[in-house]
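So, here's a batch of structures to check.
Two complexes come next, and they have one chain in common, chain A, joined by chain B in the first and chain C in the second.
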Partner chain A sequence: MNSKAVRDALAGYLFLLPALIVFGLFIAEPLVNSIILSFHRYDVITPAVFVGLDNFIKFFHDARLLTVYSNTIEFVLILVPLHLIMGLLLALGVTKVVSLKWKYIFRTAFYFPVLVTTAAVAVAWVYMYDFNFGIMNYLLSLFGAAPIPWLNDPHWVYVSVAIFSFWKFVGNPFLYYLVGLQNIPKSLYEAAEIDGANATQSFFRITLPMLTPTIFFVMVVTLIGAIQIFDEPYLITGGGPGDASRTISLYIYEQAFQNHAMGYASTVSLSLFIIILAITIIQFRFSNRWVSYDQE
Partner chain B sequence: MDAHKPAYAANSVVGVKAGRPGARIKVRTVLLYVLLLLVTAYMIIPFLWIFSTSLRLAKDSFALPPAILPTSFVWENYLEVFEKVPFAAFITNSIKIAAIVVIGHVLISSMAAFAFSRIKFPGRDVIFLIFLSGLMIPSQVTIIPQFIMISKLGLVDTHWAIILPALINPLGIFMIRQMMLTIPHSYDEAAYMDGANRMWVFLKVILPMAFPAVSVTSVLLFIANWNDFFRPLIFLNTYEKMTLPLGMTVLTGLFGTGNLSAVLAGVTLSLIPPLLFYIFGQKYLIEGLSVGGLKV
Partner chain C sequence: MKKILTWVLVLVFTLSLVACSSNSSQTASGSGSGEKVELTLAYPGGDEKKDDLEKFLKKFTDKYPNIKVKLIFVPNTSWADYFNKLQTMAAGGNSPDVIRVAIEGIQMFVKSGMALPLDDYMKSDPAALENYDDFHAKLQSAFVIDNKTYGFAWDWNNVVVHFNTDMLKKANLPVPDKNWTKDDFLKYAQAMTTEENGKKTYGFAIPNYYFGASAWLLNNDTNVLNADMTKSTLDDPKSIEVMQFFQDLIYKYKVAPVPNPKTDMINQLMTGQVGMIAAGKWPFGTYEKNNFKSVEVQFVPKFTTQKVIYGDGSFPVLKSTKHPKEAYLLSAFLSNPDSQRTMLSADSIPARKSVMNEVLPKSPIKNWSVYAESADIAVAVQAPAEYAGIEAIFNRHMSDILSNQSDAATAMKKAAQEINDLLAQKK
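For the complex of A and B:
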């Protein structure tokens, strides 16, 4: 190696050093340690005991695990399409608004809940969902509808979390789509109009294809977020009623920090990691079939 | 909500030339505004209810009908929040932690992004890929070994327990790197010709030009840390050290069944920093998203 290459390597690693240290300490080392932990029984107070495959055997016989995983899948299947589609519809709607003032008002109204402290507003929403005193059932009663057991019914809790989640987080995909729509060159639409394309055609031939990178980004981020959903079940439903809305993240938290079963919690958390890894790889594998990056 | 919306929304662009367009376009515009206003109302009503109820007497706080507009003005509820819990500390702790994380991110991530985009050295692309795959490791996996490590370091119930692991931000590194890659090499070459060293080129040439990506990742990271509930829940125990999201659950625990108005006074107070943040930060967020792009 000549001296320039050596200098470059030195400079490269120097610039990278802080990131490498933090990555090593707080991501790489914990990942390795949680693999090691999954073969141990550890309650933080007494020293860890090697238990071989015990945690994995327990993993495959844990009936609650099946429940919490299927709950998590249910949340994913509800929340991901909800945010993906509603975020897009809202962004398309606001893009059509001509008045700049109204554009600003709509954008602020849709995005502001994203910024507010989740825990604070979740606390308020629990009271809004109250069966007897809540505003939701009061509004229903104005229309003569029967009160809904928002948080006390194993099926309605999913609706309740979805209504909250839409209110709190739809601003994220909305804003990403809004920016994505702004970045589509106007000249494309003008050219299509000259060629005699109608509105439906330009939507499906221009808007949607040009937006696929944004849709893909929102999909990856929303999906990873939904699989790890913790705040909503912890703060709004408490995982209940019973185990009806207990998610995998909540279960891991309870195993690790309430039951102090650190080893078993690590085993469960690794299964979550493998699932997220698999889903992400699949998403990227299939992305070249429908995501187009080449029109710029 | 309305599957035909995209098609019709796109219609109004081209539809100007159609037969008797005036009336149809008007109907569509009105419909668009009505739909967007309905969603706006949905976004705003919870905030109105929170604020109005925060001003009720404790004994009326659960009373029906619920208030959308204030029915009384009991500002004492706000005093009670500060008397019963260290609410000011919750807010300053949250701001302090989020601010330190963002400053650390700007330094660490942009230095790493500079190395990844501007310097050629062996191992660079492998390390970059490893960093990126760190994105897929859920915090449930790393939190358990992190907790054990932080306990051993004696940092439980300190702000460092929250700050240190948050300093690495693979998505931030990725987005800043993507932006730096678009800066033509002639800029650094000119600076090097003038005798500048690498640090100078980084600080004075590349970093300013990558500002949109740095600012948008900073804003996103600030929001994420401001909202983080999971880590404070695990690491912080003392009231005085708690962040706002965790403090909110303490406030609810104290007042939840007796004085809902005091809880909602706390919720209302928690909305002020995000409001200020939106007013001053939205410009950077939207500009950054437009320029920085969201491509994975």
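For the complex of A and C:
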């Protein structure tokens, strides 16, 4: 190897180093630690005690786990399609807007909530959702509709969280789609138009296939985000009523930081880690069947 | 361009190394007096109390010029959350020296071996502690565990009923007398539930939190746990009766709004959305800030008996401190009469008898004696070492009851079972 090649390789590793350090300190090391901890009983204060498989036995007998996992799946089934489809529709709508001014206004309006502190706006949303004094039920009453128990019904809490999540976070997929749409060469549409394709045809034959890498990316990101969902139920419903909207992340938090059962919390986290890993691998495996990276 | 990038990279790399090692430069020093010592004092909350505390700590440094006090505020959502954060700080090696702790946490800090017994220091330097007998004996007893003293009662609170007196007037009702009963209470709640031009008002905001709900359980001669705190009594018919009454207030009598975990009841009372709330002395700081004067208080109504709950706080020293003697001096100084007088007059009750008697008559309400009389008869909130877990279980099942997802008997039986499991598993 000549000295230039060595220098280049060295530079390459040097560039990777900060990311590797961050990854090692904040991801790899905690991961290894939590695997070790899942075989211990640890309350943060007194030293950890090795308990063998106790935490895993408890894991398979924990009735609440079934509830929190199925709650999490319910959130995934609602939130992933919501963001995936609504983000795309909003992005398509905005690209169709001709006036530059309006384009600017819409883009800002859709993305702005992403920039606001989640905890701060969640407080306002809780007030809006209040059964007796909230503005949502007030507006409904103007139309003569019965008040909705936004935060006090095991089914409505999902709607409440979905509305909040849509308002707060749809800006992210919207932005990805917007960029994705702009990367589709205009010449493709021109060629299609000359060949006599109508709008529906060019959407399904050009836009959608060319957008598959973006759709894939948004899907992976929103799916992982939805499985780990914490902020929205924590801030809006507190996991309630009862356990109705308690997700797996909230449950891990409760075990670790309310019950001081760090070992058991690690065991539960490990199960979540394996599930996310499996889903992501499956997504990547099947992605080559429908994701097209052709840019011509 | 490439050069700049290289430099940026080097800079980032160096910074990350520095960041990793910043904690290792702490040096230990002896605790001999005269030497410069820095203590850390942890206090819950944002920095609402910052000015008061800093002003007061200045007096401490004037008296002991060699001791510097660093104040850290720990934002939190509840006592349990605050104690968790302190534990995490301790586990991370950033233990404060002196902490503010309420009765809800003292058992946990003592049982886990984190709190330092102060008796030896009290013996060797009794002068630091102004008049120990002035602490209300019952309030002080919360911090004496197995005959060892872990702190000096600073502030305390109870739970009473607060009335919006404008709404009382509108309903043509006087502030009830102290012997009022559950039935009287229901009549009051019904009278203050109105609807006028689409604007609804309700009689009462249900106390959907551990301390507040416990106060009502006490008046039906029951509690969350049995007397020695080894088993839950939430499945006792008397406990279920109180919880069912709460549910009925919302869904049967329709005199209470549906609460959620974030409901701000103080705000509901001030804006006239509800006529009554259950709280201690703590809303008075908020009342004062909002210039809200239409308020009066009375004991929680009688079910089968009439008791009153209390919770109090002190400033224990953590065992991990490198300067136990100085930390004791700070803990003692923080509970002196001047401290209680200057920092506790608005939103809490001082735990020294002398200061209590001096401050309470100045309260902006006629019934201030409700607070003064409480101290002698009050029963401590139940907070064993497993408090955080118990509170979480209680809140979860209570939210099921108040959201009408479950009747009180079913939910409270489940809660009792879970609490019993938790208590058994930690043994």
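To be clear about the criterion, the second predicted complex is superposed on the first by the 273 of 296 C-alpha atoms of A that agree within 3 Å, B and C clash if a C-alpha of one lies under 4 Å from a C-alpha of the other, contacts with A are read in each partner's own complex, and residues count from 1 in each chain.
Just so it is clear, contacts are C-beta pairs under 8 Å (C-beta built on N, C-alpha and C of every residue); 3 or more make two chains touch, one makes a residue touch a chain.
Everything numeric in this text was worked out from a predicted model, so none of it was measured.
With chain A as the common reference, the superposed partners chain B and chain C clash.
By the document's definition of touching, neither partner reaches A:Gly52: not chain B, not chain C.
In the superposed pair of complexes, A:Leu20 makes contact with chain B only, with no contact to chain C. Of the two partner chains, chain C is the only one touched by A:Pro241; chain B is not.
Taking chain A as the reference, the larger set of touched residues comes from B, when chain B and chain C are compared.
Once the two complexes are overlaid on the shared chain, A:Gly144 sits clear of chain B and of chain C alike.
Look at A:Phe273: by the touch rule set out above, it reaches chain B but stays clear of chain C. Aligning on the C-alpha atoms of chain A brings chain C into conflict with chain B at a single listed stretch, 261-269, out of 135-143, 225-233, 261-269 or 333-341. When the two complexes are superposed on chain A, the residues of chain A that touch both chain B and chain C are 11, 15, 18, 22, 25, 44, 123, 133, 257.
Considering their complex, residues 11, 14-15, 17-18, 21-22, 25, 43-46, 123, 126, 129-133, 141, 149, 151-154, 237-244, 254, 257-260 of chain A touch chain C.
Residues of chain B that touch chain A in their complex: 1-2, 5-15, 32-33, 35-36, 39-40, 42-44, 46, 49-50, 62-66, 94, 107-109, 111-112, 114-116, 119-122, 124, 127, 130-131, 134, 136-149, 151, 164-165, 167-168, 170, 173, 198, 202, 223, 226-227, 229-230, 233-234, 244-246, 248-249, 251-252, 260, 263-264, 266-267, 270-271, 274-275, 277-278, 282, 285-286, 289-290, 294-296. Residue ranges of chain C in contact with chain A, taken from their complex: 6, 9, 12-13, 16, 20, 80-81, 84, 87-88, 90-91, 112-114, 198, 200, 202, 257-258, 260-263, 268, 273, 388-389, 392, 396-397, 399-400, 402-406, 411, 422.
Interface residues of chain A, counted against chain B in their complex, comprise 5, 8-9, 11-13, 15-16, 18-20, 22-23, 25-31, 33-34, 37, 42, 44, 86, 88-90, 92-97, 102, 105-106, 108-121, 123-125, 127-128, 133-135, 138, 167, 175-176, 179-180, 182-183, 189, 193, 197-200, 202-203, 207, 213-214, 216-217, 220, 224, 227-228, 230-231, 234-235, 248-249, 252-253, 256-257, 262, 265-266, 269-270, 272-273, 276-277, 280, 284, 293.
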